[in-house]
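Can you keep this structure in mind? I'll have questions shortly.
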Amino acid sequence: MTASSQPVLSVAGLSKSFNALKVVRDLSFDVRRGEATALIGPNGAGKTTVFNLISGVYGVTGGRIAVDGRDITDVPSRQRIRLGLSRSFQNVRLMAHLSVIENLLVGQHVQTRGLRDLASPFRLFPRHRWRREAVAALEEWGLERFADAPVSALSYGVRKRVDLVRATLAKPTLLLLDEPAAGLNPSETVTLRDHLVALKARGVTLLVVEHDMHFVDSLCDHVVVLNFGEKIAEGSLADIQREPKVREAYLGATGGV
Amino acid sequence: MVLLEVADLTVDYGRVRALSGVSLTVRDGEVATVLGANGAGKSTLLRAMIGTAKPTTGSLRFAGTDITRLPTHGRLAQGIVLVPEGRRILISLTIEDNLRLGAHLRRDGVAVRREIEMIYERFPNLAERRSMLASCLSGGEQQMLAIGRALLAKPRLMMLDEPSLGLSPLFVERLFDLLAELNRDGLTILLVEQNTGKALAAADSATVLELGRVLMAGDPRQLAADPALQAAYLGAAKPAPNALTPS
Amino acid sequence: MLAQQIVNGSMLGSIYVLVAVAFTIAIGILNFLNFSIPGLFMLGGMVSWAMLAAGWHWSAAIITALCAAAAVALLVERLSYRLMAEGDPEIPLVSSLGFLVLLENLVLIRFGSDQQSFPALIPDFNIRAAGLVIGGAQLVSLLVAVALVAGLSVFLKATSTGRRIRAIAESRETATVLGVNVSRLIPQVFVFSAVFTAMGGILFAMNYQQASPFMGEVVGFKGVAAMIIGGMGSIWGAILGGMIIGLAEVLSIHFLGANMVNITVYGLLLVILIIRPQGLLGASLTREKL
Amino acid sequence: AGPQELILGYSMAKTGPYVSLAAANEVAVDFAVDEINAAGGINGKRLKVVKFDTGGEPRQAQLAVRQLAEDGKALAIIGPFSSSEVRVAFPAGDRAGITQMSMASSAPSLAKGFRFAFRNTTDEGQVIDQVLAAIKAKGLAAGSSAIAFASDDTVSKSIGITVLPTLLPKHGVPILGSVDFQLNAFDLSPQVSRLAQMKPDIVGLGAPPEGAINLAKELRRQGVSTRVIGGTTIADPDLPARMDGAGETMTIGTTFFRDVDQRTRTFAEDFAKRAKAAGLARTEPNQFDASVYDIVYLYAEAMKLAKVTGDPARAAEERVQIRDALRALKNYPALEGPISFDADGDAIKPVYVIEVKGGKWVLLDKRTAA
Amino acid sequence: MTSYQLGILVILSFNIIAAYAVYLPLAAGQLNLGIAGFMAIGAYAAAYLTNEFDWSVAFAIPTGGLLAGLIALIVAVPVLRTHGIYLALATFALGQLIAAVFLNVEAVGAAAGYPVSTYVGAPWVIAAAVVIVLVVFLISRTRFALYLTAVKSDVVVADLLGLNVRGLQVAGFTIGAVIAGIGGGFYAHHFSFVEAQHFSVLLSVYTALYVLLGGTQTVWGPLVGAAFFTLLPELLRTSSQWRYAAFAALIILIMAARPQGLVTANLFHRFRRRAGDAS
């Protein structure tokens, strides 16, 4: 397999139980390089749990996870971001004791090297490149006026986007997004989509959990459907929308649109 | 009859003005919706109505009485309830305890028991986990719990802050069906939604906020047709400024 | 001999149990690091002593002491808890400790620093059996604590008020949104815990026939240790923790000498925390899901 | 010429754990100063005391030396009170070149090696030696003994591990065993259980008054009757009352006892009036009050002998003169009895052996240290 | 400056050093209630080196600090398994344990305490405090300090962002201990005497108080808190026996008015903005 055709992420036989509760069962799928893949499924299907397994918050009960062909199942969560794996959170998790810009500075951590970056008192210099980069990222998303705001003063939708910007600052090759459009109105969703398309164009591979089928339709190339922790369908959105199983379990009568 | 009347409401967070001079009425038995971009002040408006944000100026009347100075528990006793933004379930309590807490102001224990069972019927995900800690629920399940909990307060006016957030399309449909059904049974609903299309379709009246002010208000079908609103909130083909340009 | 020492240890343990339970109510239930508790403990002992010394009937003296503690607890609620419970958990430490210093100094100014001799209400309240001396007052303390803990755990688990209190402990803001009358319920919890703590101080003073402005600190630190060993959320843990500390203390005095008491007791605390960071009976931290 | 006042500094613990003791101490100081001034002052000048509160804290005690010596222009310093304070204040006093005299600290050889340090207290070894001698002389039961001491307090510990283990055998009393406890321990049941098993005639105790009270009460609770003996650390006039019926036959040595002679009785009565006027709960003077009262007189005497003027320009010189005069003092007729200082700067003075009888202290014997 | 003022400045310096020793781990959410134990280690170690081996204080004090740090490093790994109030209590127990051990070590006088022959004067103590303030200020502008706060805010997310949570916590705890040890070394040589009771739990608790009273949101909080705690009782001297009661009442009222501490990030921003407007 050549490097470019190799999947960025490959999940094989993944399962996870909490005590007796099987939340993910024998799940296998690949995320192809440069594409946007959607992971959808009813509430409680196990989508977030899959993200947690991939990013290492939970240890797997069974199965393997590989990034760029390398098995990362036993790599500690902390080191996975260095392999190009970055994520956002369904229940926004910004650090409440830090301002927006400081959250982003922490998000840059993987870009830093060694003790020197750790110990340099760079925040003495307001125009230091780290800060400039963080501000630039905010500007790109139209959030620069919130730079110095405490996180507690942000509205939900803004928090959601700051969380996402922080994830991008790790310069990931694979970005896991957990319901990025939740809390955004349709026009904000479109803007978000455009940003993500641009990211994709820059070579970032996306794995997205989302319940907004318009959004999935306009962003994702490939869809994996989960129900009760099992994969019940996989293919293009149009394909899976035709699946009665999927309509029954997830999309409902309108097809989610 | 007017159930809720908000007059000239201004809310400040320290030096940030989140709402300025907002007026709004909700008639008894209707579904009203409030729309607006991120940071427009929708959540703040609901917080002011339940009493967790203190207005700088303005007044609130509910069912003919002035509730501006009433504490939150007093407002719940009057029959107002809020499904707050971000669900705010209590993760150290079981799911059952969360639901019971929703009904803690009620005295009719038998009816509460029955209604809890009804909630479980509507939200089977919750039923399976009733004695587990709420911390293990998925995002969507938490949302179900928050809605169920609010219903158990047996309100006259139910305010929901983005209830469809994180729910699957199937459940969003069921949620709107549920709201319609409750509304038929006489519940007044004030809905803040980002799912603008669905909200406008379900509502009898709509208000659009922008930067803390009322931008427009009126019949939802007319608003839905408004091109300005289309562009701003319904996401009708609006080119993004810096996206899609290949780099 | 060893039998007597084990009795001694259990008797001392029952005093720690009493304090640990008081701490669990004040700290564990509301998640509030309340350092004024040793002050309330002392207030119970000192105020009742002062009233007895002034010739009051013992029942009047005890009621006055309990009322004084309740009043102070209301102030603590107003000036510390209400303003700070949503912030970092360390913050209330400052002002609640301020209350401890204030109480101690007020008592110092009024009564001086001497250890006072608390009159024995019952001349020889000891049970002598099989060559063993068992402290009657301690036994009463233990029974009171166990009964209270049993009642309290049922109360918190099964009643609506119990649920409301647990809701407040997790988030006052959410509890408020749900219509819990936080500003009424919390003072009630404070008063309850203060009355119990002060009762602990009074029982302590009766047991050891002494009261002093610093009595709260000495017992208080060990009481906190007992609570922590047992596990903060768990009220049954307080009983276990108190007994462990009491026995560890007495046995280390017997076998190793008093010099080693702090080393044994705090060493034990440290080891237990390292092995089980949430205490023996404590539930592990519930975290919000990602 | 020069100023009209001679200034003494007073390092006192007006706040903190020693307030009760310190408040009465202050009364004694004021008492002595008033008497001296009423009698015409010293060298034609009035005596004035400048007070500094240390809260019983060592760091503040050092601050007291700085403030009193350098800013307050004191010629000598009364105090500090506790041994902890003394340890920090004596080195500072040596650096500043000013005499200090402690009224309470009785830990062994604290003043040793310092050029400007004095203590108007007697070594516990000498006191307990006299107590044992008195017991023998009066023919009281002393067939066997045990030791109890607070192990985290310097004085108590040295009584427990050096003083008593040497003195008891010296007086022919075998030692059956030893138990220790902590200063702030309120529960002495494990220790008393062990004492109960040994059944000694006397228990030698190294502890402050609280330790003695707690021990006595626990002995009574466990039904152990034995004679507790000790040194000045437990010499509190109110001790029998504070033991609430326990502690009969407790026998100790002290450097002050109110019923020694007319002078001590008059002092006690006048002191009581002043203490009452100051609103104090305790009106009975204890050994510290007597000691500090005598310290003021000792300083006054030294100032007289050295003919000090209080002239700020000559302060350093006069401070040294005061010290030298104190060193040379022999059998100064103080309230506590004749006082001299040994080479370490510690006072040599009479010891009164007293015993609890019927809930009161009574004089058993009056002795002078060897 | 009068000698009294100099004395106050010295006490202030010690309090500042202790405050920063508590501040660094607190920035990572660890309330260290055993700081006095680490001061004791530094104090006894440095005193032992100058007394018994005639070391120069210039080496003895830093060595004492490093030793305190080393011991912190060793205990940090197990102790930092605990969180929140459990951690506070674990460190509290540690402090008690260290003090209890020194109370039993005859080589350094046990309960009788340990006199120190070499004297270090006030200017050196003050200089040490100034240097420590500067160093901590520099540290506060680094990523390291930022990460400490991140860890305090959200351990799980910090870990997912690639931060070495354990390493950061241990580092914060250890650096705090080194500062405490250095402070202890100066303490021993300035006051010429060490005894275990000086390093009691109350010292630890009070130090934590300065820091929280000053506010932990900015690096200046501990400084202001320590100054407040040192100077206020002095200003209240005239109130005689009411001194500490009045002091405690003031603390309660101040915390009621400013629950986040005297110096908050907000206050700081406003201050800076005003300064910016002026220039």
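In this document, chain identifiers A, B, C, D and E correspond to the written order of the chains, with residue numbering beginning at 1 in each.
Please note the rule applied: a residue touches a chain if its C-beta (ideal position, glycine included) is under 8 Å from a C-beta of that chain, and two chains touch if they have at least 3 such contacts.
Predicted model only: the values in this text are computed from it and were never measured.
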Neighbouring chains shared between subunit A and subunit C, ordered by label: B, E
Co-neighbours of subunit D and subunit A - touch as defined: C, E
Distance-maximising chain from subunit E - centres being C-alpha averages: B
Farthest chain relative to subunit A (centres taken as mean CA coordinates): D
Contact-richer chain pair (by C-beta pairs counted) among B-C and C-E: C-E
Distance from subunit E to subunit D - Cα centre to Cα centre, in angstrom: 36
Inter-chain centre distance, subunit B versus subunit E - centres from mean C-alpha coordinates, in Å: 48
Subunit A and subunit E, separation of their C-alpha mean positions in angstrom: 41
Touching two or more other chains - residue numbers and ranges from subunit C: 105, 108-109, 259, 261-262, 287-290
For subunit D, residues contacting two or more additional chains: 15-16, 19, 23, 151-152
Per-residue overlap in subunit A, given as positions that touch at least 2 other chains: 48, 57, 89-91, 93
Chains that touch, pairwise: A-B, A-C, A-E, B-C, C-D, C-E, D-E
Subunit B - residues contacting subunit C, complex: 50-52, 71-73, 75-77, 81-82, 84, 88-93, 97, 100-102, 104-105, 133, 135-139, 149, 153
Residues of subunit A defined as touching subunit E within the complex: 55-57, 77-82, 87, 89, 93, 95-99, 102, 105-107, 109-110, 112, 117-124, 148, 150, 166, 170
Interface residues, subunit C side, partner subunit D - complex: 1, 4-5, 8-9, 11-12, 15, 105, 108-109, 111-117, 119-120, 124, 126, 128, 133, 135, 204, 208-210, 212, 214-215, 218-219, 250, 253-254, 257-259, 261-262
Partner subunit C, residues of subunit E touching it in the complex: 26, 29, 31, 78-79, 81-86, 88-90, 92-94, 96-97, 99-101, 103-104, 156-157, 201, 205, 208-209, 212-213, 216, 241-242, 244-245, 247-249, 251-253, 255-256, 259-261
Subunit A-facing residues of subunit B, complex: 13, 16, 35-40, 43, 85-86, 125, 136-141, 143-144, 162, 165-174, 194, 196-197, 231-236, 238, 240-247
